[in-house]
Amino acid sequence: RQVEEAFRSAWADPAFRNQLAGLLATHVGRPTPLTPAVRLSAELGVTLLLKREDLTHTGSHKINNVIGQALLATRMGHKRLIAETGAGQHGVATATAAAMFGLSATVFMGERDIERQALNVFRMRMLGAEVVPVRTGARTLKDATSEAMRHWVGATEDSYYCMGSVLGPMPYPWMVREFQRVIGDEARRQCATALPTAVPDYVVACVGGGSNAAGTFAGFVDTTAKLVGVEAEGGAGASRGTLGVLHGVRSMFLQDDDGQVLEAHSIAAGLDYPGIGPEHVHLRDLGRARYVTVDDAEVVEAVVRLARTEGIVAALESAHAVAWVIRAAADGTLPAGSTVVLTLSGRGDKDISALKELL
Amino acid sequence: RQVEEAFRSAWADPAFRNQLAGLLATHVGRPTPLTPAVRLSAELGVTLLLKREDLTHTGSHKINNVIGQALLATRMGHKRLIAETGAGQHGVATATAAAMFGLSATVFMGERDIERQALNVFRMRMLGAEVVPVRTGARTLKDATSEAMRHWVGATEDSYYCMGSVLGPMPYPWMVREFQRVIGDEARRQCATALPTAVPDYVVACVGGGSNAAGTFAGFVDTTAKLVGVEAEGGAGASRGTLGVLHGVRSMFLQDDDGQVLEAHSIAAGLDYPGIGPEHVHLRDLGRARYVTVDDAEVVEAVVRLARTEGIVAALESAHAVAWVIRAAADGTLPAGSTVVLTLSGRGDKDISALKELL
Amino acid sequence: MKLPSDHKILMPYLTGGAVADWTDHLRALIDAGADAIEIGLPFSDPTLDGATIQEATHAALTRGATLRGILTRVSEVAGTVPLVASTYANLVVRDRDFCGNLRDAGFDGLIVPDLPLEECAEFENQDLDLVLLASPATTDERLDEIARRSRGFVYAVTVMGTTGERETLAASAADLARRLTNRCELPVLLGFGISTPAQAAQAAQLADGVVIGAAIMRRVLDGAGPAELGAYLRSIREAMDEG
Amino acid sequence: MKLPSDHKILMPYLTGGAVADWTDHLRALIDAGADAIEIGLPFSDPTLDGATIQEATHAALTRGATLRGILTRVSEVAGTVPLVASTYANLVVRDRDFCGNLRDAGFDGLIVPDLPLEECAEFENQDLDLVLLASPATTDERLDEIARRSRGFVYAVTVMGTTGERETLAASAADLARRLTNRCELPVLLGFGISTPAQAAQAAQLADGVVIGAAIMRRVLDGAGPAELGAYLRSIREAMDEG
C-alpha cells in the first residue's frame, strides 16, 4: 500500500520519469536495437524483427524494471532491496541496481537453483549482494518467492521488495508492466521506420510470470497487431492453469484438484514458475492476446537455429518465442509474408552449461 | 595485398560505410552509452566516464572490427573466415559475424585456452564455427595466431583472415584501427554533451594487441586529452618490449637477448600476447600516448570495486584500465577533479570462474 | 462462535494431517483446557508461516493429507469446543462450497491470512465466522474496520513477520493489544511468537487470550505424543489462569 | 655463392641444434652429394613452417640452442659447399651485425621467408646473398622483381602453404618453375613438399634443383643417424642424376 502510493506519485512526476529515462540510456543501453533477422526470415518466409533486450546491461529485460524499482526505493528512503530469483537474472539485476544506488541487497534463491546457476550466484556476490539459500519445498523459484515475502513482512520498515515479474500484490503487476513498457514503446516507434506498414502483423514474447511480454504488449495493445504469449509446456499458467491466489495475486496457476500449487518444470529456469501475471489472464479473457506452448526440444532447436542463422545465442526463455515462430511459419499459422516483432528477452550465456549437456 | 586493395576501395565507398554503420546500429547495439561512474568518481575525486563496449552484442569491442571485416570478406567474395583467438572473445565475435553473413568460420585456439575457456568454445560451436585446437608451443594465443596464419597461407583463395587486433601485416593494423575508431568517435561526440569542457583531460584504455585503445585514441588524438594505454605487468609489449617482427608486423615484442619471443603471462587471457600494435609504438615514440602497467592483484581489486560501486562486472582486460585510474587518482598522477574517459572494452561474465578461484 | 468470557482464552493450533494421530493430539489439547482450536488446512505455499509450520505443512502434504480427509477427521471430534480453520486464499477462492463444507464438518470459524480486507466481502456473512487479522503496522483507521467486520474474535499478530517461536514477547504486542481492545467488543487473541507459560501469561494480561502455534507444532514434529502435548498445554493454561 | 651448373642442384635442409650431433648429420649430407645446405636458425615462432620443422625448432630451443652456438658449430664445417641460413625476420632485424656474423661463420646466403620484398632493401648487397622466395600466387610483375633482386638462387615454393612432406608434387609447381626459369638467370630451386626420390627427380626436371627439408627433419627427429640420413640423400641424388 505504501509502495502503491509511492509509485503513483513517482510515475506522475516528470522528474522521476526523466531520471529513469536517463538511467536507462546511460546505464542500461537503451534504446535497444530492433534487429531484422534477415537470414532466418528468408528461411521462414516471414519478416522477423527481434527486439534486443539481450543487449541490455546484465543481459536481460529484468534490468528495466529493477532500475525503476530501485529508483523508487531510493525515493521512499529505503536502504535495502529484497528480491527473489530463479535462474538468477532478476537477482543479478537487483544486485546491480543496488550497487548503482548504494543500497544493500538480499536475494532469496532456492538451494537447487543455487547449485544449477552457480555463476549467477557468484555475479550477485561480486556485486555485493547477500544471497540467501532457500531450503523449503522444491528449493526453486516458488519457494524463494515465498521466503523473500516472509522475510519482507518482517522488514518493511527499512527494506523494499523488488518484484521481478508482473506478479505479487498490487501495485507490483501494474508497476512492473509500466517499467517494462519501454520495450513495447521503443519497438512500436522502431516499427514505424522498420516496417512499411508501421505496425507488425504479430507481436510475440515468451511468458513465465510474463513481464517482458506485458511490457512488449503494452506498446501494441492499441494496434491491430496480434499478440502471442509463448509459455513453456511445463510451466503454462495461461494455457493450463486455473484461477487461484499465490504470492498475493489472484491469477492463473498450475494446481491440482485440491488447490495445491504444482511445481513448474521447464528447461528455462526463468519460466519455471507455475503462474502468470493477472494482466495476461485479462488479455486472454478479452481475446486480445493468445497464449501457446512449446516444448523443451523445440526450444533447444530454436536456440541452435537462431545462433546459426543470425549469430545470436538467445536465452532459453526467449527461445520459446523463437520456437513458436518457427513452428507457426512452418504450419501456416503465420501466413507467408507476415511481419513479426519478437522480444528477445535475454542472452543465452547463462544457459551454455545447460545446453552443453543437452546437445 | 588483395586485402589492402579491397579495404581501401571499401573504406572509400559510402555504400560500404553506410551498410557497416547500419549493421553496427541494428546488430551490435551502437552507439554504446557513455556511463558516468557516479559513485566511483565521488570516491576517487575525479569525473570518470565509461565507454560501454561491454554492452555490445557478444560482450566486447571485438565485434566492431569483426563485422567490418566480415562485410569486407563478403564483398571480396570469400566464403570462409579464419581467425585466431585467445580467451575466445574474438573467436565468438568471428563465429557470430560468420553466422550473420552465412559464411563458415574456422577458429584456431591454443589447447590450453580451450581448456580454460570451455564456455566460449561451446559458444563458437553453437554458432556453427569449427574450433581447431593448436598443440604447438605454449598452446595459447601466440601459437594459435601462428597456426591460423599457416593455415591461411594455404587457403587464401576462398578464405579471409579475420585478424582480432591491430597486429599482423598491412593493412590489418590500420584496418582494425579504422573499424574500432567508432569507439573513439562516439565517445568524442558524447563528451561534447557529457562534459562542460567537451574534451576530457584523460582517455584511458587497456592494451593487449591494442585494438580497443587504438580505436578509442583515434577519436581523441587531435585533442588536448592525454592518452594512456594500460598494459598487463606480464604482457607489457609497449612498456618492456623491444623492436621485432612477429606475425607479419614490425613492432614491440617481449623477447629474450637471442630474439626469441617470450610467452606473456596475464590474469587476463586477452592481454596474454607478447606484442602490441605498431601504432602504439608510433604514438609512444611521438610522446602522444603513454603506456603504463598494472599487476594482477590491482586488477582483481578493480573488478570488485567497480562491481560494488557501479554495478558493472568488467572483463579482466578492461579492469586494467580501471585499476590504473584508481591508483593514479590515489597517488595524484590524476589531479583531483580530472575528467577521464575510460573504455570498458568488455564484460566480465567470461571471467567469473577465474575470479571465483581468486577471491 | 461462542468463546468464554469468564477467563482468558487459550487457543492452540494444530496442522491438520501433519502426523498420523493428529486427532489424538487434538483431543489431548481439548482435554488440557483449550477454549478453542485452530486447525491449519495445509497449502502447498504457506507464505505467511515460519519454518516450523512450513515443515508441518510439508509433512502433511507429503503424507497425502487432503482437504476432504481432514474434514472427515474433524467431524469426528467437532462439538466440544469451537474449531477455527486457517488456510490460504487459494484453497478458499477456488471452491464455491468451501465455507459450507467447513461448516458441515463442524468448523465454527475461518482465518485466511493472505486474503486482503478488500477481498473479504464475499466470504463474510457466510455460514462461518471470518476472523480478521491485525498487526502492529495496521493503521487506526483500518483497525476500526477490522474491529467492525471481524467475527468470533480478532487475531492480533504481535510482531511483524511470520509465525514462529521467539525468545521474548515483542513490545509492539502491548501497543497493538491496547489499540485493539479499546475499539473492539470481540475478544482479542494475541498470536505469533508465544511459546513459554510466562509469555502466555504476560500476553493474556494484555488481551483476552492467546494463540499457541509453532511451539506446539515443534513438539509434534519432534515426536511428542498426545500426553506430552497435553501436559505442555496444561502448563500454559495454569500460567494464564494464575495470571 | 657459386652453385654448380653442370648438374641438378640438391640442397638439403637441417635445423641447427635440433639434435646433439647435428653437425655430423650435416657432414653426412655433404658426403652424400649435397650441392649446398640450408641451415635453419631456430626462432620461437616459426609461422611459415609445417609441423615437422616446428617440432625440430622446438626441440632445438628446448635443448638450449642459441644463434651464437650454432654459428660456432657451423664454422667448423664451413668451406666445403655453400651454406645458406634460413630464419625469421625477428632475428634478422634486431641485430645490425646479423649478416656479418653469418658471413664470418661461413654462411654464403640467407633466406628470410617472412621478410616482405618491400623490406628487403636493407639486407641486400650485404656480405651475404639474400635469397628471395616466389610462390604460385606471385604475379608475373613481382616475379620479374624477384628474379632481378634475388642473389645466389631463387627459392620457388611449389605449393601455397607451409613446409612439409606431401604425397604428390603439386601441379602448380610446374607452372611456377616455367614462369621463373623463363625470366631468371639464377638457378631456380623448388622446395616445399618434396620427399621421395621420384618427386625429386620430377621436380629437378622442371627447374635447376630441389630443396629437401621436412623429409630430412622427420628422419632426424625419428632418430636417424648420419649414415641413414646420408643413405636417404644419396637415393635422392641418384634419382635426380638419372633424371
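Annotations
Letters are used for the chains, namely A, B, C and D, taken in the order the chains are written, and counting of residues starts over at 1 for each.
Here, contacts are C-beta pairs under 8 Å (C-beta built on N, C-alpha and C of every residue); 3 or more make two chains touch, one makes a residue touch a chain.
Going by UniProt, the chains are C, D = Tryptophan synthase alpha chain.
Here the structure is a predicted model, which means the values were calculated and not measured.
Ranked by distance of CA centroids from chain D, the top chain is C. Each chain gets one centre point, the mean of its Cα atoms, and the points for chain A and chain C are 38 Å apart. Centre-to-centre separation of chain C and chain D, using mean CA positions: 96 Å. Between chain A and chain B, the centres computed from C-alpha atoms are 32 Å apart.
Chain-to-chain contact here is organised linearly: an open path runs through the chains from one end to the other. Pairwise chain contacts present here: A-B, A-C, B-D [touch as defined]. Across the complex, chain D is touched by residues 136-137, 142-143, 145-146, 149-150, 153-156, 169, 242-248, 250, 253, 255, 258-262 of chain B.
Note for the complex: chain D touches chain B at residues 43-51, 54, 58, 61, 66-67, 88-91, 93-95, 114-116, 119, 137, 159-162.
Of all residues in chain A, only 25-29, 32-36, 39, 52, 54-57, 59, 95-100, 102, 119, 122-123, 126-128, 303-304, 307-313, 349, 352-353, 355-356, 359 touch chain B in the complex they form.
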